[in-house]
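As written, the chains take the letters A, B, C, D, E and F, and residue 1 is the first residue of each chain.
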Amino acid sequence: MDLQIPTINNLIDLWLTEDLGRGDLTTVLDDDEVCSAIWIAKQSGIFCSGPLVQKIFQKLDKSAQISLEVDEGGAFKSGQKVLSVTGKKSALLAGERTSLNLAMHLSGIATETKHLVSQLNGTGVRLADTRKTTPGLRLLEKYAFKCGGGMNHRMGLDDAAMLKENHIAWSRGISESVQSLRESIPWTAKIIVEAETEEQAKEAVISGADGVLLDEIPPNQLKILVPILRKLARTSSNERESRQIVLEASGIDPRKIKDYASTGVDFISSSSPITKSYWIDFSMRFNKGQ
Amino acid sequence: MDLQIPTINNLIDLWLTEDLGRGDLTTVLDDDEVCSAIWIAKQSGIFCSGPLVQKIFQKLDKSAQISLEVDEGGAFKSGQKVLSVTGKKSALLAGERTSLNLAMHLSGIATETKHLVSQLNGTGVRLADTRKTTPGLRLLEKYAFKCGGGMNHRMGLDDAAMLKENHIAWSRGISESVQSLRESIPWTAKIIVEAETEEQAKEAVISGADGVLLDEIPPNQLKILVPILRKLARTSSNERESRQIVLEASGIDPRKIKDYASTGVDFISSSSPITKSYWIDFSMRFNKGQ
Amino acid sequence: MDLQIPTINNLIDLWLTEDLGRGDLTTVLDDDEVCSAIWIAKQSGIFCSGPLVQKIFQKLDKSAQISLEVDEGGAFKSGQKVLSVTGKKSALLAGERTSLNLAMHLSGIATETKHLVSQLNGTGVRLADTRKTTPGLRLLEKYAFKCGGGMNHRMGLDDAAMLKENHIAWSRGISESVQSLRESIPWTAKIIVEAETEEQAKEAVISGADGVLLDEIPPNQLKILVPILRKLARTSSNERESRQIVLEASGIDPRKIKDYASTGVDFISSSSPITKSYWIDFSMRFNKGQ
Amino acid sequence: MDLQIPTINNLIDLWLTEDLGRGDLTTVLDDDEVCSAIWIAKQSGIFCSGPLVQKIFQKLDKSAQISLEVDEGGAFKSGQKVLSVTGKKSALLAGERTSLNLAMHLSGIATETKHLVSQLNGTGVRLADTRKTTPGLRLLEKYAFKCGGGMNHRMGLDDAAMLKENHIAWSRGISESVQSLRESIPWTAKIIVEAETEEQAKEAVISGADGVLLDEIPPNQLKILVPILRKLARTSSNERESRQIVLEASGIDPRKIKDYASTGVDFISSSSPITKSYWIDFSMRFNKGQ
Amino acid sequence: MDLQIPTINNLIDLWLTEDLGRGDLTTVLDDDEVCSAIWIAKQSGIFCSGPLVQKIFQKLDKSAQISLEVDEGGAFKSGQKVLSVTGKKSALLAGERTSLNLAMHLSGIATETKHLVSQLNGTGVRLADTRKTTPGLRLLEKYAFKCGGGMNHRMGLDDAAMLKENHIAWSRGISESVQSLRESIPWTAKIIVEAETEEQAKEAVISGADGVLLDEIPPNQLKILVPILRKLARTSSNERESRQIVLEASGIDPRKIKDYASTGVDFISSSSPITKSYWIDFSMRFNKGQ
Amino acid sequence: MDLQIPTINNLIDLWLTEDLGRGDLTTVLDDDEVCSAIWIAKQSGIFCSGPLVQKIFQKLDKSAQISLEVDEGGAFKSGQKVLSVTGKKSALLAGERTSLNLAMHLSGIATETKHLVSQLNGTGVRLADTRKTTPGLRLLEKYAFKCGGGMNHRMGLDDAAMLKENHIAWSRGISESVQSLRESIPWTAKIIVEAETEEQAKEAVISGADGVLLDEIPPNQLKILVPILRKLARTSSNERESRQIVLEASGIDPRKIKDYASTGVDFISSSSPITKSYWIDFSMRFNKGQ
């Protein structure tokens, strides 16, 4: 994630405003004394959000310092210290919940992603995410997905064009839609077609799409279909248009992910690390001595 | 949730910007024709987010209309139609993912909340949420918690004061902290003390706190402690300060929630409907005829 | 006031934009030389806004430094130096009017508040503010009210529920309204009932409200009513609901505030320090030598 | 005031957010039924803010309608109905305090302005405001000043250049400063010099300034000085630069405003209608029948 | 351009605020009477910005109506009426300059683009834009480029990855950089390599980049290089990676654009329609009768 | 330009967001190493935007440092180094395009302005800009106009009032309009009348306007009209209203600007440096060693 972008700064303001509202009522008890705290993992998992946690605390106290004990995307065990932070008491109290909430949520996603990705190890097939992300957190959740070893799919409706069921139903067919899109969208944007049948998949390949999303097709059928599509891609191209076709299996059952890995697809996409994951529990412990 | 507040409008802009970015690349394929679509539930649950879904689509097309087939907070079965929407094709396509993501996430929380709440039926004890909410979605997730039958706890650090472990460690004790807060915060704001031991709980009651959060105390110990605290509250009050004390069990294991219900506490708080719930799956089906 | 919250930063941007618009036309005459200036009080009063003045100047020049000669909430005499500031000439000129306007307005409120509060000294009764605040400045004016020795009432429509005349007229009575609110609002939010008659006040107490606002009831009537209400609160509570009732006199004539202090109420609320106060005059004098 | 500008819309959002925060807790008691209410003046004065009140309520309910019974800038008596409003109950309750606060504050300023302006009737001298305005409300307060019959001075540091004591002290004198400004600022921007002595005033006139602000000069001295300055303006101009000089008395005692009116100045400026005015009391009464 | 996105709404607010500032001083002369006006072209060209002009006027007056006499992207002659608008006088005056400025600027770009594009007619080669766009207007200027018949290149640093001179210099070579990017960026994002020599271009093709930007290579050299690169693309691909390579000529002299069109490249990119175009002159004439 | 104003900060955020979107995809290749780069002019011109370039890079890397080799408003030759910048690689890459785009655009305007201004040298007549500026960039383009030696006209509809053709057509004549405006606008705001005929110009002078914009009147006619208007200004003024009238020629052909300079007008206004200028080409070269 590119922490330079103004969007990140605005999101942190939004998150803090949400929790602090008109101001932490208990800050009256605290002074500007500097103190330190550590985060302890209460279960094992994959860590995600270190650079963001640092930015959150520094928004409240410019001189706050974070020291990460676990690498971004690295594994931790229950009971392990994952980071320490030093800063003004009022800043540590004010940023505690927001930073923990973010880290617990994102680490939950990274952990679940890693769980799926590890089942694809050695297959050459990669796991991709989807646009099923919590409103307001897409950048962050997709970042967590990468921390867990996954690969991002398109980020929004604007950086790649996907022809879905409805687009096709409303148009004069896949080929015309792909051609029409090629005329209108930036040439740097890929076109992907969602196919639910063999026929649609073939038409998509012939149409010159950059990728085909094979939706809810069982592994055994995919195993037969994939080589057909790849051959079609080669033969349907002319000198100037020899083309690479990316094949992706979607709408899968995560428990059967290994079956899909042997079908020859390039990617398997799954929303489950984001829509079906629990938060990882971290606890913030203040150094009483200070 | 009060949909009048400007915050809701700003959040919808944020969510749409996140998905639409520089604009839906496929809108070039669509016109301004009006079409309709329905949402089908792919599993059973408790519905949440109807008024928000309406606002999302109306942001894209002022004349879009939503018709809810399931009441907000009502139950639905797998396969059931939960709502229908009519509006411009481009608006329906542009708002599809954002509205579904929101509804699937919030309905997941409402469903999980209802699951816990139903175990408290008839006990007079209510389930409360916590500040463990996804950054940027607190208002919404707490609203979903209410839709599922739960009761909201404080909304942020500013509308009630909670003295936690660290506040107490850094101060000259519970009583002084409570008294100091009473002097400084709005008189309309309640003071709650987090207690991890019987001793702390008693001191909290005597200090005149409005509520005591009994953290990670097993049900059998709670059963003994609660009557002691209630009696203490009565006896420690003078004419002008006769007081009601709210007792809340926190840090509980959701699987044992019934054990806590019989301890005499007023509330049981749990973050699990928010931090440990899955999205409920809805599918949006466009009316092909149009 | 919690200066950490992003809201404060945004307000300062708003205030400076309002005065600077497209930029100070006279900055072309100035360079980035550092200079210093002092603020002199032209009348006596209670000082308020020091930390905000610092933030305003630092927004224009990060290295600007303020030195407060009078404590926040402290008294000053006419002719006294209240603070000194050092920074770039262009920043001092650009921030002069905005910072003075804020400090003069807030110190006027703090001064007027102290004037009323001092009449309650020794009575145990505290002065509370209201929601009658200048649009855009509620946080600041309520902060000034506290600097003058007052106590804040609820901050908005969202952190405590007050049943007013219209709510009651539109509902099936006070008791049902209170009970209905208890079911729906966060348990940490207090419920206050505005009562204009003895009958309403009694019903409010019996309903289990946390506070009763006794509106426009003369001191001699209050003196009789208050003990009745306190007794009613004790007797109407059961074991689990023994309750503290806060009684507040509102709609008072500030000139007769002492009469209200002896009625036994806990609070007297008044908007007059905010709606009926003049600005305190400060003058900013630049050090010519620099 | 130009209600078209986006700034007005943003301010209304800010004001409502301030009062509504996370949402009106009592809206749970209300439905979307339409009701009506009236505003009654509890004292006499000059009305100001009608179009803004309309925009506030319409922000909450697009179909809300206001009917003004008193013209903007018109006089009303105690007990008089100043406006009526019809809209959804929840919108009327949510907008009540914000709209009243604005109208009470602005009408207070308009009333006080009219009080001063009426003393200048028939003199040809007009009353001008200053940049002493409540942070965040300059546009509104200056608008109220106009409603009361006053004339606006510059709106900020960017639409006219005023050379004040410090600018002059830091430069090589008034003439050089004026000339330097003429070279750098838009030709459409006027240059005004603040003069505290006869000598400064003369130098200002000779320098070619568009206006001279005669600060804290007693009426009897002004009476002598003004004709001298006017003559100087005529004689110091050449064919191409024959010039009009605007003379303004500032730093006046409002109680002696009539004495200044006979000195020959064009304007008298005073911050007192803004910094030394009380709110006018309005009461909003809901129609119980609905 | 997708007019649904919140960004467009925010830009219009920004543009109007810039021109209207604290409000149009002359609106005091006008009422809310409805009037109409037309736009006349003072030179020939390609029209662009109709839907935006409509949104600008409707921001000021919801009921304003635009009627376009020339299609978006269509040609007009000097003296021709391009559109008519009806709305409140104050809205037409307030939106006049902003809407004209936008349309004149964008139509200038569309016109210049068409001029270049027309030289490529029949060649199958398309003209692409660059990231050289006026800050704050990228979406709009790229939209104008499309209106003129051009094709958009990537919209920003985030929707396609381009390896430029410095990226390569800082890395361990083109192949490693491409491979490293493939691992990290969304699979839907294309990778383009900027090549200034034949050697770099070949390495780029072999590396598996999606496109090669051939920078400042003369047409005669390109004519030889292009077939070599295309052949290399075919031969360097294996079954799974048969690939399409897009070749783009950049850094060209617009006057020699035809020479590039016959080199076999797919695209020619040029910033000149944006960086080297004049505004097209339109005049807004009000219907005096109204 | 006053860089202190929050508007500048917001614009930089807007510009960077536009280019960076969801983040620079290639930053994954870079580290936080510090490097340096220089800007080389590829043609001669007048430099403009140094302080803004510094602010852009510092937004991305607080410790970035710019060293200007050419003064703001100074001339440079083709091949000359205009500035150097040192900062983190990721910041230099992320800010490269935005800063170059701004500087190339603004320097183009400054260069074209200087070209026109140099033809007025020694005439005492100054060149003024207009409100024809690219939406979103008015402050910047007017600043560039000043860097090129021009003088700014009014900045918006709010800092000076200009009566144009339509205002006059809709009113009861010039005199009444001017008088009406004088009553309503701040006294510090000038009133300018746009005149297209001798008759209108005379009426404007008599009306007491501060300036007359003589639109599309040929030089030979202007030469006769100007002395008439100046004499009229002197004779039509009384003691209190002796007035300076500013005469401006607008709607000119830039190629004949010298002819207008000898007509006796004070200003010649032209939009051409902004609407008819090309970008100046700069190239950013990174120091490979680092």
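Everything that follows uses one rule, which is that a contact is a pair of C-beta atoms (placed from the backbone, for glycine too) under 8 Å apart; a residue touches a chain by one contact, two chains touch by 3 or more.
Computed from a predicted structure; not experimentally measured.
Enumerate, in label order, the chains that touch subunit B and subunit C alike.
The shared contacts of subunit B and subunit C, listed by label, come to A, D, E, F.
Quick one: subunit A and subunit D, Cα centre-to-centre, how many Å?
One centre to the other, that is 53 Å.
Please report how many Å separate the Cα centroid of subunit A from that of subunit E, as a whole number.
30
Need the CA-centroid distance for the pair subunit B / subunit E, whole Å please.
Each chain's C-alpha centroid was found; their separation is 46 Å.
Could you list the positions in subunit A whose residues touch two or more of the other chains?
Residues 2, 20-24, 94, 139, 155-156, 158-160, 184-185, 189.
Make each chain a node and each touching pair an edge, then name the shape: line, ring, star, complete, other.
complete
Which of the residues in subunit F end up touching subunit B in this complex?
Contact set of subunit F toward subunit B: 21-22.
Mind pulling up the subunit C residues that touch subunit A in the complex?
It comes out as residues 1-2, 4-7, 139, 155-156, 159.
Enumerate the contact residues on subunit A facing subunit C in the complex.
Listed in rising order, the residues of subunit A that touch subunit C are 13, 16-17, 20-24, 27, 60, 90-91, 94.
Can you tell me which positions in subunit D touch subunit C when the two form their complex?
By the definition above, subunit D touches subunit C via 11, 14-15, 18-26, 28-30, 89, 93-94, 97-98, 100-102, 104-105, 131-139, 155-163, 165-167, 169-171, 177, 180-181, 184-185, 189, 275-276, 278-279, 286, 288.
In their complex, what parts of subunit F are in touch with subunit D?
It comes out as residues 2, 126, 128, 146, 151-155, 158-160, 183-190, 192, 211, 230, 233-234, 237, 239-244, 246, 266-267.
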